[in-house]
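Shared between the two complexes below is chain A, which has chain B as its partner in the first and chain C in the second.
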Partner chain A sequence: MAATTEQIAPETAAVRLGSESIRRSDGRAGAVLGKVLIAIFVVFMVLFILGPLLWLAIHAFVTNWTFPNLWPDGWTMRWWTTVFSDPALGAAVQNSLVISPIVVLCSALICLPAAYAFARYDFFARRTFLVGLFATNAFPKMGLFATLASLFYALNLMNTVVGIVIVQIIGTVVFMTWIPAAAFAGVPRSLEEAARDAGASKIRVFFTISLRMALPGILVAAVMSFLASFDEAQGTYLVGAPQYFTMPTEMYTLVLNYPKQVAAVFSILLSIPSVVLMLAARKHIMGGQLAEGFQIR
Partner chain B sequence: MSTSHDTGRTRTHTTSAQTTGGLTISGLNKVLGGRSIIDDLNLTVHEGELVSLLGPSGCGKTTTLRMIAGFLAPDSGTITVAGRDVTHLGAERRPSAMVFQNYALWPHMTVFKNVAFPLKLRKLPKAEIVQRVENVLGLVNLLHHRDSRPGQISGGEQQRVALARALVQEPDLLLLDEPLSNLDAKLRVKVREDIREIQQRLGITTVIVTHDQDEAMSVSDRIAVMNAGKIEQYSTPEDLYEHPKTTFVATFIGTMNRIEGNYRDGVIERGDEVTGVRPEDVHFSMEQVAGGLPATVERVIPRGHFHELYLKRQDATLRAYVSGQVPAIGAEGYARIDRAMTFIDGVLQTSDAGGSASTPASPEPADSAPAEAEPAGSAPADAR
Partner chain C sequence: MALPPILLVLLFVGFPVVLALAFSIGFTGGLNSIVAMIGLNVHHADNWWGTFAAYADVFSNAQFLQDLLVTVVVTVVSAVVVLFMAMGIGLYLRMRGGWLANVLSGLAVVPLFIPVVIASWAILTFYSGDGFVRSVFALVGLQGPTWGYTVIAIVIGSVWTSLPFAVLMVASGLQAIPDAMIEAARDAGAGFVRIAYSIMMPMAFIPIVIAGTFTAIGVIGSFTVPYFTGPNAPTMLGVTLTNYFTTYNEPQQSIVMAFTIFIAAAGIGAFYVWANFRSAKEQGRV
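The block that comes next holds the complex of A and B.
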């Protein structure tokens, strides 16, 4: 749900742009013109970002709405009952809500120690490894998944939860390593040294100081990993179908088999976790004590 | 320069070496990046003594401190704290506590929690922790900031929290890494007095790393002047000032007229030696004085309660201090060197008081020798 955050940025940019044009103009007419331009710009941006979402939201509640008509034919909750009465849907929601947290947790366990090592130690081929993490994102995913599938067949991982988790972890590795590595690197070494000087063991220092101070970065990485895992469809479909469907893969089925209003309902459902997570992250990361952790004098 | 005046404080340490307490460093070596940072360093700090490691940046003083604290392992040599060999112990197991240059307070903990953390690690009973933390916060006058976060208090207060966090551990050895460098000039003087006062009250063995000779002179029992990984001289502030062993120490501690030439009977002659004259050992007067040579006032720099003069004599240009009546630029008078130090190859040979009133001036002064006045704390390269 990047739309909410993106929306803020153009608006502030618009305000800044506007104040500049006001400063440059030397009459009242110029000021008015500036304000009008800002208004047009803001309206355009809102339409551009929120328009499709609005279209989606309306479609979830209409009986039918086709092109030449300016107004929908009628309103209904039918599509919601269709979605909620479909037994496959419940299973998909459940799968998504179970698999994504597992993916985030496994990814954190694998990647956070690596992130710490990247931030604090200088080992052989450190940069190569760090850049190499992008390899998974550098090529078309489908090619990677196809080769992975043949390996999974050999290892009996096809149509298993473990297989899905592995496929989804691949998409989270970059987030879970790069962002926390930057966060760990941002923790001043002297803070860790001070803790050791005070008598804390290395492990204790890691948990009470390093991890604690890198937490905002790690949370951001966790949110992004969760969303990446939650939205992952290609690999999950390849490995999971027809045994396991998650919400995005279930969506394929819905789009193919039902009218588009059902897909609209499902998209809204799919975006709920993202919105909730983003709001929670915004509250906890932007303000409050975690942000304070980065203000070192 | 205030360094020339002793603060009048009584120095408390006893000269007899106590074998049990204090810090002993012997034969310390450290090579970093193929460069010898510390070269066979030996140092003994008596129990209850405050010693400064003083030197320009890159002289190895911070490296030495980090090795004492246990953040860096020496290549060879031993470090003994309170009679215990700690060379191979990690920082968390050493009986020393450090105050970091940037204070290194944990921003996610309150002042109280910062100070309590070392005690919490020692698994002391809660009541004792509270009592000890409150005691030490009282000592540094920070009880009112008990529940503040480090980000909410001033730099000077953060510094005191860092000190409290070290003191609460009741360490055998207190280490301070450039403790005052992040404070403004006025606060610096006050905080260094506070540190000295607390150190005296608790009788805690302390090592301070600093590049500020003023700071070192005013708080230390003894100062180890470091240069290029070695201790050039280790002595009391007074002795360092009066009898600097090398030109490096002489120029680093206080101010010195550094003149290339031999000093003979109050006059500097052309030669291979280096003559050092403290500005306060140059006597200037408008009337002829015994041993004085004609001198022209070239510059007058106000320094507050005294003025600094640049005096051009036949043999050299000398800096001198005057208080009271200040001569005008271009005034003609007489300058006499009361005391001079002679260095050969950078090493002190004599501290000659010749050329004073008892010895008449040389009748035929040598040609003007190139004179070079170096301010204190100038770059080490040209002092060597």
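The block that comes next holds the complex of A and C.
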């Protein structure tokens, strides 16, 4: 029974696809040409997007790779022990995994109330402030190197964890404000009013309706903020070095001073948290929460 | 409620920007005094309106002008390529759909998962002298191109890292177009190209503008991608201004370059704001 349905299904699908492509294009030749072009584009995309990542990932497990062979000279796990036994690299991993969650949490505390305000209230210069928050990302951070350092020295924030957290929060403000603001704006006012009419307090309405319905947007914002913080290298280096190194700042010294394979191992380690988080939030990111957040309302 | 992030940004970005602006026109007192003391080739203002000597330094420097040109070219080329790819994938997803379209959009979003430092490093090794591309060419006895440490590698890296956001933006804009409009155009005899050009693109104008401007703003001030994949000279200004600060110890000149990038980015940003407000007006939201 199962076998027969399996046989029928692809046929009907093929018939449906075929008839549609005839209807939609000028003729058979055009459809074939289109399919060939698409196939070429897919192959190109696979090579373009995944090629560099795979090429680098394989390097983490090879003894040596002689040009121009497409197959490495031998396989080894030696580089993994190199990374795990190096205390500096271990400390960098630890720093990153501690600092980034703190940054996301602080950023949420600072920005989420603002996101709600931007979505629900019309106040003086609201749009100017929204755009202004974005402008912070447009100014090259390295250009602030000198004056930011002066400010941090004056406030005694240089070489402190608090200083690193502040520098990284700056990079997350846009995500944490814009995306949740769009999510809050998408919650129908009528629902909130209905709950109020039914006797729920303002706080109860906020937590059980507004916040819950905006949760996917907040989740996407949190993931994007985590990545921005986890990825941040320039500001962290300025404030943290030589006391604190995170994984990206360590990566800069790594690629210059270690064999290629060690950098490859480190790259895999550095990608794990972001890949896991992004997979968790994939549905909402692809579903338009991210795109929605970047249209000023 | 909206105040905390605004205050944070004002204190830790706005205030340093103002300090930097003052420093760049020769006001070297106060919080700027330490930088002015350590830095080389610092110009001091001897009047109340400041001095533009540092700007004159930078804009008469042939190396800077070359880097500025590279920055502009890389930004424009990357933005155009990213927009074309995003439009292609978005249109295919909207008009045909199916598993292949999903595979394509899924692939395009992969770079969002990967930290930029790693992406740059991966792209450099892939296109370098002993990388995959040259190995494949060597397999069939050809001398492949070495793109590592060239401007081409910067463009490849910029496109790679910018693609996900553009695809998400453009695809969501195209998905929002009602089926009825496309069906109507199709019944009236419009082909794929005609529908794409006269219905899809005008309807998704705002998301397309956002994708383009955000890509350009991201690329124009980028540091990591050109630092890893690009040549030593000429390179993009993000790298040059870092060199001026750390290697040459000329903070004032470095800040002048930062303002050059910022003004260019602000120009691109103004286009984005204009497009948004235009659409808000059309829909009667203003």
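In this section, the second predicted complex is superposed on the first by the 238 of 297 C-alpha atoms of A that agree within 3 Å, B and C clash if a C-alpha of one lies under 4 Å from a C-alpha of the other, contacts with A are read in each partner's own complex, and residues count from 1 in each chain.
Definition applied: contacts are C-beta pairs under 8 Å (C-beta built on N, C-alpha and C of every residue); 3 or more make two chains touch, one makes a residue touch a chain.
The structure displayed is predicted, hence computed values, not measured ones.
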Identify the partner contact of A:D73: answer first if only chain B is touched, second if only chain C is, both if each is, neither if none is.
neither
Which partner does A:I209 contact after superposing on A: first (chain B), second (chain C), both, neither?
first
Touch check for A:P188: first (chain B), second (chain C), both, or neither?
first
Of the partners chain B and chain C, which touch A:R196 in the superposed model: first, second, both, neither?
first
Chain C versus chain B, contacts on chain A by residue
C
So in the superposed three-chain picture, is A:L144 touching just chain B, just chain C, both, or none of them (first/second/both/neither)?
second
So chain A touches chain B in one structure and chain C in the other; where do those two contact lists coincide?
292, 294-297
Once bound in the complex, which stretches of chain B touch chain A?
69-71, 90-94, 96-98, 100-108, 117-118, 121-122, 149-151, 155, 158, 165, 169
In their shared complex, at which residues does chain A touch chain B?
188, 190-191, 193-201, 204, 208-209, 212-213, 289, 292-297
Taking the touch rule as given, give the residues of chain C at its contact with chain A in the complex, in rising order.
1-6, 8-9, 12-13, 15-17, 19-20, 23, 31-32, 34-35, 39, 88, 92, 95-96, 98, 100, 103-105, 107-119, 121-123, 125-127, 129-132, 134-136, 138-139, 160, 163, 165, 168-169, 171-173, 175, 186, 191-192, 206-207, 210, 214, 217, 221, 223-224, 228, 237-238, 241-242, 245, 251, 254-255, 257-259, 261-262, 265-266, 269, 273, 276-277, 280, 285
Chain A - residues contacting chain C, complex
17, 24-26, 38, 41-42, 45-46, 48-53, 55-56, 59, 65, 67-70, 110-111, 113-114, 116-118, 121, 123, 126, 129, 131-140, 142-151, 153-154, 166-167, 169-170, 173, 176-177, 227, 230-231, 233-234, 248, 251-252, 255, 260, 263, 267, 270-271, 274-275, 278-279, 285-286, 288, 290-292, 294-297
